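Below, each structure is written out as structure tokens.
What follows is a pair of complexes built around chain A, which joins chain B in one and chain C in the other.
Then we have the complex of A and B:
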């Protein structure tokens, strides 16, 4: 019933509701309360969890996992750029965008899982520092936004019909948003190292 | 002999005002490093897509040579930016970099990666047309793709090791490591 009423805009409406909820929670200062209450968790991550202990004890393990994190980000970036630049008509123009979107998604998803897993390990080793870094929270929010965008908006829309039937401006907007979101995630991650 | 020459050259570079400017600037070094790392997404991201296709791990319904040919340009743009920013990073901290064991191994792996890329391309051209639509490339090309993946994973990992000081000249007393890292002064002090 609800599905038939909302039709193809169901996911978009859910996403708008989520963002509205976030805005309301922000106004009610719920976010700052959550941040304040999460400090003990970050301290536990660094000092007591085995991830934090391995990360702080074995520098070479930490650096190697950091490298795997970087490589995962490279694969995410490669698949995002190949797909989105194709949607924008910049590269691979003689390969159907449907084929490219479908063919790169599995690798993107696996690389994202790997990046998140290694990212948790890296964050655990310096949890007491990253907690106080605004850029870390920017990265986390961008990551959540990127994940929601890809799995709730971009992929469902691109897989729902031939791309020639979608408004070209919608496709351009999707591709540009995707590049910007993932660039923000990567750049914020790089900036954590400088902070 | 070669270690002394490299160190003298590094000292000469470090004495230049532009080199000092890059390190002294509040954001210049960070921007260079960020650009160097973020360009990974374009260069190694494109390269891995090509290698994954050869292995039959993705885009198996796209002709392999077409994919490799089309991704060549963005990949080369990425690598060009990486080499320019990488060279500037070395220029900013030449003495430290020249005496880094990880940097030296990274350069060797980079050289091997380029030789492999050259052989890989030659094999790709020689076999063109015969297997293009197959899900998996012929064995010789797959071996090239695996070597490429391993070498570039090594390059990125060693690049990540460079800021760490586990085997810095001032820390280690192992003469083999000191020689391999080009720690000329420390080696002379030990002899």
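Then we have the complex of A and C:
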């Protein structure tokens, strides 16, 4: 009985455990300890790693890779808006949402990999600066939350059955959350540039 | 017998995580807007919305 219930609601149980774990770690101030201990790593990234050295020595390389980072972010924004506004019934309503979400998800995944790879290089060049910016950590938190949300929750649900069989309010909630989380990632990224 | 569809594991996990993530982000942005308004109060000093020491 218990085993069948655990199997039936596996993802929900994992979600509850993850959020409980986050709450417990927050109460025990684990995040604050990790933050304090990670400064040497950020200083090493800027001053000793080859990523940081190339980023700080060659401005043209940094600018080129940052341009690729911004283009990747633009592709992420485009796929997120196309998918989620379609799920909300605002745009591209003549295309079945199942077809659109499957197609855009592949592009989204590749753009996200590219954005993360180039983002690590961009952060390495200014690692000792971004370490002290709260907005950098907000961006990282939103990025992790958005990635987990899309790959572990949203896309598996959208791929599991025809969208007409999913509660429309669930689809609207998923689409709105997705837009908000990727908006936060983009806005925090630009905020880093102006801090 | 009820005709309502029973919610599956994926749907419950999706709604739960969406509510938590969206709630946290809205909370964050509302706080940011409030702190921006406080800074505007201090900069222009003519309105007392939150905590403007320039207006009694």
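As a convention for this text, the second predicted complex is superposed on the first by the 186 of 195 C-alpha atoms of A that agree within 3 Å, B and C clash if a C-alpha of one lies under 4 Å from a C-alpha of the other, contacts with A are read in each partner's own complex, and residues count from 1 in each chain.
Here, a residue touches a chain if its C-beta (ideal position, glycine included) is under 8 Å from a C-beta of that chain, and two chains touch if they have at least 3 such contacts.
Model, not experiment: these values are computed from the prediction.
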item: First (chain B), second (chain C), both or neither touched by A:43; value: neither
item: Which superposed partner A:67 touches (first chain B, second chain C, both, neither); value: first
item: First, second, both or neither for A:128, with chain B first and chain C second; value: neither
item: Partner chain(s) touched by A:194 [first = chain B, second = chain C, both, neither]; value: first
item: Touched partner set for A:98, first chain B, second chain C, both or neither; value: neither
item: Partner chain in contact with A:149 - chain B first, chain C second, else both or neither; value: second
item: Common interface positions of chain A, toward chain B and toward chain C; value: none
item: In the complex, chain C residues that touch chain A; value: 5, 7, 9-22, 24-26, 28-29
item: Chain A residues touching chain B - in the complex, by the definition given at the top; value: 59-60, 63-64, 66-67, 70-71, 73-82, 85, 91-92, 94-95, 99-100, 103-104, 106-107, 183, 186-187, 190-191, 194
item: Chain B - residues contacting chain A, complex; value: 30, 33-34, 37-38, 40-42, 44-49, 52, 57-62, 66-67, 70-71, 73-74, 153, 156-157, 159-161, 164, 166
item: Residue ranges of chain A touching chain C (in the complex, touch as defined); value: 8-12, 14-16, 19, 138, 142, 145, 148-149, 153-154, 156-157, 160, 165-167, 170, 173-174, 176-177, 180-181, 184
